[in-house]
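What follows is a group of structures, each given as structure tokens.
Shared between the two complexes below is subunit A, which has subunit B as its partner in the first and subunit C in the second.
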Partner chain A sequence: MYTFSSRLKTFSFILMIVGVLGIGYSFFTAPKDINDVEAILADQHGHHGDAHAEAADHHEAKDAHVQTADHSEAAHAEASHDAHGHAADAHAADAHNDEHHAHLEHVLHQLQNKPWAAVYVAALFFMLIALGALAFYAIQNAASAGWSPVVFRVMEGISAYLIPGAIIVFVLLVLGVMGTHHLFIWMDDEVVAHDHLIQGKSGYLNGTFFLIRAVIFMGGWILYRQYARKNSLAQDEANDNSYYKKNFKASAAFLVFFIVSESIMSWDWIMSVDPHWFSTLFGWYVFASFVVSAVTVIAMVTLYLKSRGYLEYVNTSHIHDLAKFMFGFSVFWTYLWFSQFMLIWYADIPEEITYFITRINDYNLPFFGMVVMNFVFPVLILINTDFKRLSWIVVMAGIIILCGHYIDFFNMIMPATVGDQWFIGAGEIGAILFFMGLFIFVVFSSIAKAPLLAKRNPLIEESKHFHY
Partner chain B sequence: MSNKVIHVLYNDDDILMDAVKQTRAAHHHIEEIYTPFPVHGLDKAMGLAPTRIAICSFLYGLVGLSIATAMLRYIMIVDWPQDIGGKPSFSFIQNMPAFVPVMFEMTVFFAAHLMVITFYMRSKLWPFKEAENPDVRTTDDHFLMEVSVHGDVDQIVSFFENTGAVEVKVIEKH
Partner chain C sequence: MSSHYEAPIRKPLVIGDKNFHDVTVDVAAPVEGRANKQWWIAFSIALAAFLWGVACVAYTVGTGIGTWGSNKTVGWAWDITNFVWWVGIGHAGTLISAVLLLFRQKWRMAINRSAEAMTIFSVIQAAMFPVFHMGRPWLAYWVMPVPNQFGSLWVNFNSPLLWDVFAISTYLSVSLVFWWTGLLPDFAMLRDRAVTPFTKRVYSIVSFGWSGRAKDWQRFEEVSLVLAGLATPLVLSVHTIVSFDFATSVIPGWHTTILPPYFVAGAIFSGFAMVNTLLIIMRKVSNLEAYITIQHIELMNIIIMITGSIVGVAYITELFIAWYSGVEYEQYAFLNRATGPYWWSYFLMMTCNVVSPQVMWFKKIRTSIMASFIISIVVNIGMWFERFVIIVTSLHRDYLPSSWTMFQPTFVDAGFFIGTIGFFFVLFLLYSRSFPVIAQAEVKSIMKTSSDKYKRLREEGHNNHSH
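This part shows the complex of A and B:
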């Protein structure tokens, strides 16, 4: 039996407290109205420091605008109608003011979205890690894999986070439907009223159906998780393999449910933040991203427990296999990332290509940086057989992969919600720390509740002697 | 110098694996083992050096990648630039995403084919080669271990008869 060490428990609480402070700070400092936004924008254009210079600059811009308006009117008005020219001047200035106002409103919404988006990305990311570990566990069960039963309890422990994680994400979705935050613009009736494309999708993209789907998916996943865990523990004390067989059947059924629900989940919770844009392989792409993160977390938790003297039957061959999955899923993720990118890049259809233009123009560093972190780095470091057996290399590569896939989810959500106002500040880091702390607390509490060896699993002997 | 070898036949891979461990513990030299299918872990049990074919494969992949890159640059950019879907055809780097599938396929193609050819050459296999297999039963359901003989033949034969062998033969090799 593993006991949740008080040091790790304290560490997880510190993470949560620091995280809450970061999130609170980002909500507190988010602009309240357009005057705040004006100040923030003035700050961003560093070279005009004080408000006075800014105002002067404003006048200049306005003048320039008026002049161009004058020009277009010139042919019509000529010199004979001075009064008309004046009217056009005033009108143009008004239009400019409106435009400026609209821009400030837009930036205000983006900046008000920012703390919500930061919380949403981190909440989703850690929940999907737990879901990925659960799917990986179901695959091991359904395939009757002989190598992995010694790390089953680790996978079950990680999947325990699915329950609090899913509840938090669900609350965030409900808040969206209620209009507390505006991450999903299709939930805003005002927007839909002026948007023909979203109107066409409103039979699917509407608040009620959206939440019904979320309840069914999360309910189904949690149901399988609890059932499989219960059977796995019951199998420890059983005299026959009936619980193992039940788990085998449940896992096969769950995988069918999972692949459909996962795909729809990715459209609902991620792709719909850009309601005009769609990609047919998006579900697979999201799956690849979170399953590689999940396998990485399984490997890291296993190595942590091993370093504390637990999991006596886990040997380097098990770590080697997990590292192979990290390598393989990294390549799989790249394949899907590139497939999605290249088809859209080549076809160059306006409503599709905007997705990548935003990312390449406004998110250049995170967008291409994550390809280096999620593909180039793991391929180069994990291609070597011997490296896959070294704990410190697996942990190092794992940290890079996890950061890279967080950025991947960041890139999925932020461009549509925050636009070019993104930066990784107190809110983003606070949200990561908070959910990491919660994740560590829930996962290790769950691991501490059961023996670390599924001793009566019919394949446990094979797993103990597994060698490559 | 004795040219004698012993052929020891087994009918189960687990028995073979145990016999290999005993043989090595008794310091007999295993010349070769013939099996009807690949036996997992046999190379380690025999103490063979790890294969270097993975390194070859990686290098061949790099060759394929380089050839594909050079080929596409010459064909699509230098020699005959074409306007395909308005993509920038005068710059390799800007047009590169369109070439990635070809570069990937050529990498795999070179790595796979050259690796197989390397394997054949290292194993001294070529078309119309006479089979080296000493006993046809090893293509069916038997495992044959060939051990060189140094010292007392009778003693060695009795040693192998105790390792679960179904047959032990002393052969004069030419």
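This part shows the complex of A and C:
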């Protein structure tokens, strides 16, 4: 049995407290009205010292959020695209003032969104890690994998975070529907009233149906998690394989539910922040991103427990296999990233390309930086057989992969919610620390509740003797 | 390579009372024996179909591709449908040998040889369609970026069709090397058993002087792993690039981002179906039921069910996102697929590919040989219609309504397609009588852990110890 060390527990509490402070600070310092915004922008311009910046900024008022009626047809980023084209003809003083006002209003919304978006990205990311670990666990069960049963308890422990994680994300979604925050502009009736495209989708994108779907998906995942964990523990004391068989069947059923719910979840909670944009691959792309993060976390938690003297049957071959999955899923992620990006870039259709134009114009460094972190780096480091067996390399690569995939989710949410007003500040870091602290606390508390070896699993001997 | 311990709940992969020598004898038997009547009948039918195909191709080359049913609106029809269908079928071979090798699935050993043979034979069929679609196939080498002595001729590197040329030729060469490497020890086995000097000569040439020394084996294992590592991204890239042929264009129904992974899943799906079709017959005809067991068929059925479901999710995703996009062209393209004049092909695609594999959830069905055989044929038909739906229904409703038309295949279209099926079976039937159709050296490596006989011996050993 593992005991949750008080040092790690203290550490998780410190993370949570620092995180709350950071989040609180970012909410506290968010601008309250357009006067604050004017001060912030003036400050920014002072720093930049760029005479053109102001003119360009005015035109971004048209951009982003579909708040101005005449632009409701155009997808978000498009306007920032034509901004330069229009720069010359914005001369009339009245128009200028109106536009200036609209722009300030718009930046105000972006800056007020920012702390919420920061919390939302981190909440979603950690919940999806737990979900990814659960899906990976289900795959291992359904495939009757022989190498992995010695790390089943680690996967089960990580999936324990799914419950608090899903509840937090759900609360954030409810707050969105209630209008407390404005991450999802399609929830704003005012916007929809002027937006023909969103009106066409309102049969699907409406608050009630949105929350019903969330309840069904989260409920289904948690149900499987609890059921599989219960059977897994019961199998330890059983005399036959009946609980193992139950888990086998439940895992297959869960995977069917998962493949459908995961795609829809990604459209709902991520893709719909850009309500005009669509991509059929999006669901699988999101899956690749969180499953590689989940496998990385499984490897890191396993290595941590091993370094504390637990998990006696885990050998370097198991670590090697986990690292292979980190490598493989990194390549898989890149494959989907490239497919989505290249096809949209190549076809260059206005409806779709706006998505990448915003990211390349306003998020250049995080957008291409994450490709380096999520693809170039893991491929170069983890392709080496010997490296995949070295704990410190797996941990280092894991940290890069996790940071890279956090940035991936950041890039999915931020452009639509905060536009070009992004930066990684107290709110973003605070949210990461808070959820990391909560994650560590929940996961290790759960791991401490049961023996670390699924001793009566019929494949456990194979796993113990696993040698590659 | 893999662990020597195997959990008791695992089912044996070689059944019956087989020892090591029995494996050799059983695998060599179809090669050393004489062909029976059924083989000759099957071969004659295949050869006739092949010759009919040759005639149709000759007519095409002599007269021009106007002999096909393609028209100015539906410029791509059966030719590309058949091309994609054959390439897709090829995928399972590499998947079984490379991906399942990386995942240490021992059950692949009984089926990988034939699956790889199928890959190579079907890629050959696939390649013929673009070549003869060129109209002047003797200039086919112009698709290669050859030194430019022809004036301003140069390939277009921006075109996915050119990427196809590179992807498929690389794929064919790597698959061939992979296949042949695995064949070396087995050819050597046939060489060592050969009675006539002629067969001895032939098998010693094709076995490249395999000696069976430890060093040979060590290099063999190493090169297999390296080739598996190379083949895995290759197999995924091939169908991805085939999907780019469509997805890079701006045609509703073609331009959609899910196409690459969905094409790959579809390819694996149809490939496994074809492996099942071939092996269900072969295990019977060549008396290999002890090696290609019901367990193997069941596992392949499960893969068919999983990939069929993935493809199904992709169909539904496309359909939903077409509505969600709010783009009228997209919405129409999918509405037209389902309810337009080609509704029947969409319906066939849906029932064959999404609905039919779901019966595999029942253990009774997925362990029934007859049911597996029928489903495998149904899936092959469904996957052909999938490509037909994607290609023809997207094209036949042009942007200009004045160009709207239907596609009418001619006897030449049909003859060419039937000819490739004939050619494929000619190759496969010849293969089944001259090649070791089971990777016997590999199967022998798992006899101790996974064969029925040794499992029983171990069990008895345990009991004796405890007594």
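Quick notes on this one:
One rule holds for everything that comes next: the second predicted complex is superposed on the first by the 422 of 468 C-alpha atoms of A that agree within 3 Å, B and C clash if a C-alpha of one lies under 4 Å from a C-alpha of the other, contacts with A are read in each partner's own complex, and residues count from 1 in each chain.
The definition used in the following text is that contacts are C-beta pairs under 8 Å (C-beta built on N, C-alpha and C of every residue); 3 or more make two chains touch, one makes a residue touch a chain.
Not measured: the values here are computed from a predicted model.
Annotation for the three-chain superposition on subunit A: subunit B and subunit C clash. Contacts of A:Ser279 after superposition on the shared chain: subunit C is touched, whereas subunit B is not. Once the two complexes are overlaid on the shared chain, A:Tyr346 sits against subunit B and subunit C alike. When both complexes are overlaid on chain A, the residue A:Glu237 reaches neither subunit B nor subunit C.
In the superposed model, A:Glu190 lies in contact with neither subunit B nor subunit C.
More residues of subunit A lie in touch with C than with the remaining chain of the pair subunit B and subunit C. Of the two partner chains placed by the overlay, only subunit C lies in contact with A:Leu336; subunit B stays clear of it. Judged by the touch definition given at the top, the superposed model places A:Glu461 against subunit C, while subunit B stays out of reach. Comparing the two complexes, residues 346-347, 467 of subunit A contact subunit B in one case and subunit C in the other. By the touch criterion stated above, subunit C contacts subunit A in their complex at residues 1-10, 233, 236, 240, 244, 247-250, 255-261, 309-310, 313-314, 317-318, 321, 324-327.
Contact residues of subunit A toward subunit C in the complex are 144, 146, 197, 200-201, 204, 241, 256, 259-260, 263, 267, 276, 278-284, 331, 335-336, 339-340, 343-344, 346-347, 349, 351, 458-459, 461-462, 465-468. Within the complex formed with subunit A, the residues of subunit B that make contact are 41, 54, 58, 85-87, 97-98, 100-101.
Of all residues in subunit A, those touching subunit B in their complex are 338, 341-342, 345-348, 383, 385, 467.
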